[in-house]
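The structure's right below; bear with me while I get my questions together.
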Amino acid sequence: MTEPLKTQPLKTEPWSPFSYIVTNLARFVEPGDVAFSGVNSSMAMLACLLAKRAYDFPFTYINVAGGVDPEPRYAPLSSSDPELARESASIFANEDFYDLCARGRMDLCFLGAAQIDAQGRTNVSVIGDWHEPKVRLPGGGGAAVMLPTARRSCTWRTEHSTRTLVDRLDFITGGGGMYGVVTPIAVLVKRDGRLRLDSWHPDVTVDEVVDRTGFELDTSGAAPTRPPTEAERAALASLDPDGTFERDAKIRG
Amino acid sequence: MADGTDTASKIVSLRELAALVPDGASVALGGSFLHRGPFAFVRELIRQRRIGLEIVKQSPGYDLDVLCRAGAVAKAYTGIVAMEGNFGLAPWYRRAVERKEIELEENACYSLTSRLRAAAYGVPFQPVAGLHGSDIPALNGWKEIPDPYGSGRSVWVVPALSPDFAVLHAPEVSEHGDVRILGTPHWDRIMSRAAKRVLVVAERIAPMESFREHPEKTLVPHFMVEAVAVQPQGAWPGSCHPDYAIDYPAVEHYMSEAESTLQAHLERAPELRGSSRD
Amino acid sequence: MTEPLKTQPLKTEPWSPFSYIVTNLARFVEPGDVAFSGVNSSMAMLACLLAKRAYDFPFTYINVAGGVDPEPRYAPLSSSDPELARESASIFANEDFYDLCARGRMDLCFLGAAQIDAQGRTNVSVIGDWHEPKVRLPGGGGAAVMLPTARRSCTWRTEHSTRTLVDRLDFITGGGGMYGVVTPIAVLVKRDGRLRLDSWHPDVTVDEVVDRTGFELDTSGAAPTRPPTEAERAALASLDPDGTFERDAKIRG
Amino acid sequence: MADGTDTASKIVSLRELAALVPDGASVALGGSFLHRGPFAFVRELIRQRRIGLEIVKQSPGYDLDVLCRAGAVAKAYTGIVAMEGNFGLAPWYRRAVERKEIELEENACYSLTSRLRAAAYGVPFQPVAGLHGSDIPALNGWKEIPDPYGSGRSVWVVPALSPDFAVLHAPEVSEHGDVRILGTPHWDRIMSRAAKRVLVVAERIAPMESFREHPEKTLVPHFMVEAVAVQPQGAWPGSCHPDYAIDYPAVEHYMSEAESTLQAHLERAPELRGSSRD
């Protein structure tokens, strides 16, 4: 057991936005989960690997490289790298993990998003009108199918602003809605169909989080985010030993 | 059918392989993002000045981008398109869509897979789980069908899509054209079953004996494969497990906006070294 | 090239009903075919193996043991025996060969049948009413899907009688209809939607074939069946060296 | 879901494994005819006097027959049922149907596979190619749906079927429950994906290292498997590739009509020798 949730920790070192996102994504993993990370998702990959190293309960980590509980020698730059299948005892390929999700047996999906609305729905398709795009984004990917079928889906944004957490999506790529969202300054969790503030980065205020959110945010019951445990810090340090991921992510709080 | 039963003369040059694909053909490309894509094949299509192609791939990146950059694409059926790593969006694809130089059918990866499944299973349409609440089905004019067995559920169905070609990159083939993938096959299995004709680029020919020892590892049996080219480093600048990893400096060079970059990039390609292209 | 079709051969040895069936099934294989034999189908298995050994054109033999152009050391008693995948360079499993057929890429399917009607439709389900069965037969199997989707399907009956070649099926298991049927005394081939006499065993008369057929049989253009070539005889002898298959089949002409 | 993520204590006795299946459960059985069926498991169900089972298998033979002989079956979903070799029809199954002691849903092998696919893909129904002109669809009350994309074709669709259990027999498992099949998997793959819970009987536990060396050969990853029993010769009197062939004299003995045969047959079974049953 680590320290109780409500205890204010001793101020140790600052909690970087990068570490904040990865650590809080990892905390969505529950014992017994089958958890998945996909393409173009370094943060989610790191979160799953962190959870494997930092938490002492069993869960299954599967990924888009076909790995099932792999033992990569290092965290690869590409989150679909074959390294993520190293030492795997099976190859669980794309059709297989999508089918697993489609039939309701995926417990936790990590999926990217460009815009997120209050219901947790996502846009990864386009900024502007779909037919007259200002920015063509990567596209449907996993969201449209996995969001409505996974038991819990979680996402992250490296920017917490009214451009990313929006009142109205330019396009609804994925319905169904995220269960959890992590930004550099807050953790949102869905309750009764809406994302609410679950906890905030100790360095910011609740008001700041509310101001930087494009939809109305219920903050009742929220608390400062529990700081990283030693195990979490150590796991992340082992996955990003020279800080490359952190530097490349270029996240401002 | 494209006759793959005659195993005698299946090995051709990369140039001959690419020449099988005419202008305007629909082509499913194997691999995912920067991993195990038939990239030497794609470059050869560009060298042969192919135009009007329809590209089918759940998770393209470099391949679709370079084809857009060369003006070879008329339409793309995609799930998610990006360079991955730290390279972000696929810039020439992005611009081609924004400028309406290419037509896009946006899919979920799984809806595109389901379109291929319908073709592979010989049925006109395939039900797809999820999709509820997404704008994508309406965008594509897909139909929702109520469960005729009275569950009260309704489900989106997508129409069959049978690409003219599936082109896969594999580490190993047999001399007869059996295809072995090591690690994840990504979407290659369903592509090989849905397409009308299957072409393969391989790093090498592995001994028949090894295929007979591990037949379970063969993804595509020889009779489904029309022709094979052997091209070491053929997935460059991407990876081909277990042989080599992504060449990140080469991808970075490719990403340069300079006018001359495409030509310089094409000239650096491994298929131009040695004689295997011809 | 072997002898021209119409030449009357020298009488050599008698042509056993067993050899007649297997050999004439093998003759349905055409160059470039993907040909399939399934469960419970010794005759079809032997025919495919015979064709591989006796004919010098390329074709692909796939079977229900997952084999693709296998090199079995012997013809196994069970036509789904793993021996039928020996030396195969791939395993083409059940879902795969059914899908292949379903999408119209199977050239030649060998399928069993209990009753066959004039359209080549088959019953492998039941003798009597389905709901009040006199004899419960093996059931649907491949017929219902493969008959309508394979390019050509062929079958055999070890008994040529009005019980097996019937005017009216007790139950239609497989629609679509067989392209070819071989019995101990005749080869029927479909033309314009009906099975017609293509050739008959040299030891019987056309009238006998017609009499023993439960549906009206067009015999125009039919000829005595071409006797087995040396290559066909030798191939069958190598597959059934001690005559076990022939004895077990217990076929009367 | 049946939690297969905890790899700690997955190996149980054959008796414990069979005890997981209650009376009345629907059970998909792996293998085909006399090949690689979970036959020791089936006999253990009989010893435990299980009744009212619903058996799901495209090509059963001995397994369904011996369960009918023991009065354990309420309903069968089958494609083709026979003993194969020279043994012909499955006599106790045949009689059970003719005497209406069991209910039969007659399928084409592929329509039953399609019912399992619908369950595996999370959709309420699955289109099936062929079936046109067959009396089977009407028999089962299946529905025909016109192609909503205007091809003018119509297609039969079958409803999803998710068995309570899939029970597979494998030559090799890992200590974590990964399942490796050598040679054809028959219908085991789709059964493992469609069923609510997956149980496995294996000839042996193979080293983890061999699974890591050939991960492509693993048919079912450990997290999908709830429990495993190790039972050498567990597919007797059938074959288990590559370990042993069909024991034809034992099958011939089983086929004897004598009243005492079933008991004698059960007592001859390999799982009664040694301690692995317990």
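As written, the chain order gives the labels A, B, C and D, with residue 1 at the start of each chain.
Convention: a contact is a pair of C-beta atoms (placed from the backbone, for glycine too) under 8 Å apart; a residue touches a chain by one contact, two chains touch by 3 or more.
Please read all numbers here as calculations on a predicted model, not as lab measurements.
Distance between Cα centroids is largest for the pairing of chain B with C. Should one ask which of A-D and A-B has more C-beta pairs in contact, the pair is A-B.
Put simply, the C-alpha centre of chain A and that of chain D have 39 angstrom between them.
With each centre defined as the average position of its C-alpha atoms, the distance from chain A to chain C rounds to 59 Å. In whole angstrom, the spacing between the mean C-alpha positions of chain A and chain B is 29. Chain centres here are Cα averages; for chain B and chain D they lie 36 Å apart. Listed for chain A are residues 66, 85, 91, 101-103, 149, each touching two or more other chains.
With touch defined as above, residues shared between interfaces to two or more other chains in chain D number as follows: 121-123, 128-130, 183, 215-216.
Chain-to-chain contact here is organised irregularly, matching neither a line nor a ring nor a star, and falling short of all pairs touching.
Pairs of chains that satisfy the touch definition comprise A-B, A-D, B-C, B-D, C-D. Interface residues of chain B facing chain D in the complex, by the touch rule stated above, are 118, 121-130, 143, 145, 147-149, 151, 153, 155, 157, 159, 181-183, 214-217.
By the touch criterion stated above, chain D contacts chain A in their complex at residues 1, 3-8, 119-123, 174, 176, 178, 193, 208, 211-212, 215-216, 218, 220-223. Across the complex, chain B is touched by residues 32-34, 58-60, 62, 66, 68-69, 85, 87-92, 96, 99-105, 107, 149 of chain C.
Interface residues of chain B facing chain A in the complex, by the touch rule stated above, are 32-35, 58-59, 78-82, 84-86, 89, 93-94, 97-98, 104, 106-111, 113, 128-136, 139, 183-187, 189-190, 239, 241-242, 245-246, 248. Of all residues in chain A, those touching chain B in their complex are 39-40, 64-66, 77-82, 85, 91, 93-95, 98, 101-103, 121, 124-125, 130, 133-149, 171-177, 248.
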